[in-house]
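Next up, some structures in structure tokens.
Two complexes are shown next, each including subunit A; its partner changes from subunit B in the first to subunit C in the second.
Here is the complex of A and B:
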């Protein structure tokens, strides 16, 4: 039983730079994931404009009947979001962990070009470890 | 370094300052970003991977030449190793400890050739955050560390060819990095006379 369905990372202009799905539910093809990423980018921007009060940073959590979407935006505008089971806990923490892995294994890699799709072996390795750990914590509860 | 008791001692001249600095560390992130820039800059200056490797090695050579001078003075009371095994263990222990905060994982003698020695490291500090793209083949940023080792050996009077390689490990996801040291003939001839 997977708590997380998929993980997306989008750059500051709305382009999908990383996509990974976990488990069979909610799997989508490349075109759909690209479309969904840029759609989310726009929705996120609109939500900031819609806010009646100032200082809104956009949607952080979208709850639906059969999934939750947690989003974390870094200061540079890179957005990380996971689609998961409804009511899945401590996703904010997981997103922070993923952000940390991104800053370590992607941004400190001299062979990574900014704003381009992420293809870093070390990032993949550490990411799957983090997800694995998160699942174990979930099973332990 | 911040002085004990929160007071920073002022010295009138740099010569009065004690050489021993105690344990000093720089931020790993700061180093990783700087090193990443070094690799990226050199990448713009070359058109093949062998050339990039050579440039990184040259950058390391300058570091090696300087650390030999400094560590012989600071750690060894102005004495320099003159024997082959002595200088190798100096690199493996002293140099590694001061530069990377730990002793290198292993120091071995090559099985096929008499003049070859290997320093292996499970995870080399400079490679901690670096993933080599598939199209770059066997390129290893450890070339910088190989350069440091060559700088130390060369300036201590042990000319050698030093290269860095990835060696796949059984049961491990990541390959380890081996620094291969091949000494010049004259070094071995001199060493044989000394015995």
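Here is the complex of A and C:
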């Protein structure tokens, strides 16, 4: 059983630059994923406004009955978020690993244009390895 | 999960893949030399190097943040320290010292005693106006711009021009707020 349903990366202006789903649950078409990404971008921004104290940087974890959403925003404004089974562990760590992979295999690719959709095979390969590893950790519990 | 602790420049430097220093230095030399041939004007080369640095900086900042686990700096002073101690160490293998703060705390100097880019370089008379390491100023400007700081970076001292160290002046022009314009009438 897959722990992660889907992974999204959105650029600083709210455009979806990467989407991938894992397993059959929660699969969605391109339009839906684009719409959800920009919706999340706005909700994230609103959550900062909701904070009664200053220094809030937006939603990090959203928990629902049948899924968890973990979001990580880099200081440069790129957001990485995964939708996963409720209670799935190590998601912050995984997002951090994905961020590192993004800096290595996306940003360092000279033919990748900033803020544009990610089409980098090396990134895909390393990403699936990282997710695979994460699953093994889960199975090993 | 244990909180992520910022890593020192040395720790990151020890963990990333590195290339031979000579290869790095000579490759940079070849780039500068080719730019001089292509653009002919020294001024143009300075501009081009700065632009190239900027393009590197806007991408490099994410790698820096991802691998050093640095979180938000409280002020520009901390930012400057982080660049000098962690940033320079991580990417160039040397550290800089931060000095000469102005009273407002918006501009300071980064002094490099050791600079791997210039290992074999002697500037000929025809290139006296060349800022050989101008790529570095572009990198800093580009990187800071991505974390909402508009800066101006200029060379004050340059060992290739006979000074005793490399000194970069970093001036914070403005901090662009990250908040979204959420009021209708703005």
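Assorted remarks:
Criterion: the second predicted complex is superposed on the first by the 141 of 141 C-alpha atoms of A that agree within 3 Å, B and C clash if a C-alpha of one lies under 4 Å from a C-alpha of the other, contacts with A are read in each partner's own complex, and residues count from 1 in each chain.
We adopt the following convention: a contact is a pair of C-beta atoms (placed from the backbone, for glycine too) under 8 Å apart; a residue touches a chain by one contact, two chains touch by 3 or more.
Because the structure is predicted, anything quoted here is derived from the model rather than measured.
Contacts of A:56 after superposition on the shared chain: neither subunit B nor subunit C is touched. By the touch criterion defined above, A:119 reaches subunit B but does not reach subunit C.
Of the two partner chains, subunit C is the only one that A:100 touches; subunit B does not reach it.
For subunit A, the partner with contacts to more residues, out of subunit B and subunit C, is C.
Contacts of A:108 after superposition on the shared chain: both subunit B and subunit C are touched.
Within the superposed three-chain model, A:74 lies in touch with subunit C and out of touch with subunit B [touch as defined at top]. Touching of subunit A by both subunit B and subunit C, each in its own complex, is seen for residues 104, 108. Across the complex, subunit B meets subunit A through its residues 29, 32-33, 35-40, 43, 129-133, 136, 141, 173-174.
Against subunit A, in their complex, subunit C makes its touches with residues 1, 4, 58-63, 65-67, 71-72, 146-147, 178-180, 182.
Contacts from subunit A toward subunit B in the complex involve residues 104-105, 108-111, 119-123, 125. Interface residues of subunit A facing subunit C in the complex, by the touch rule stated above, are 45, 48-49, 74-78, 90, 92-93, 96, 99-100, 102-104, 107-108, 114.
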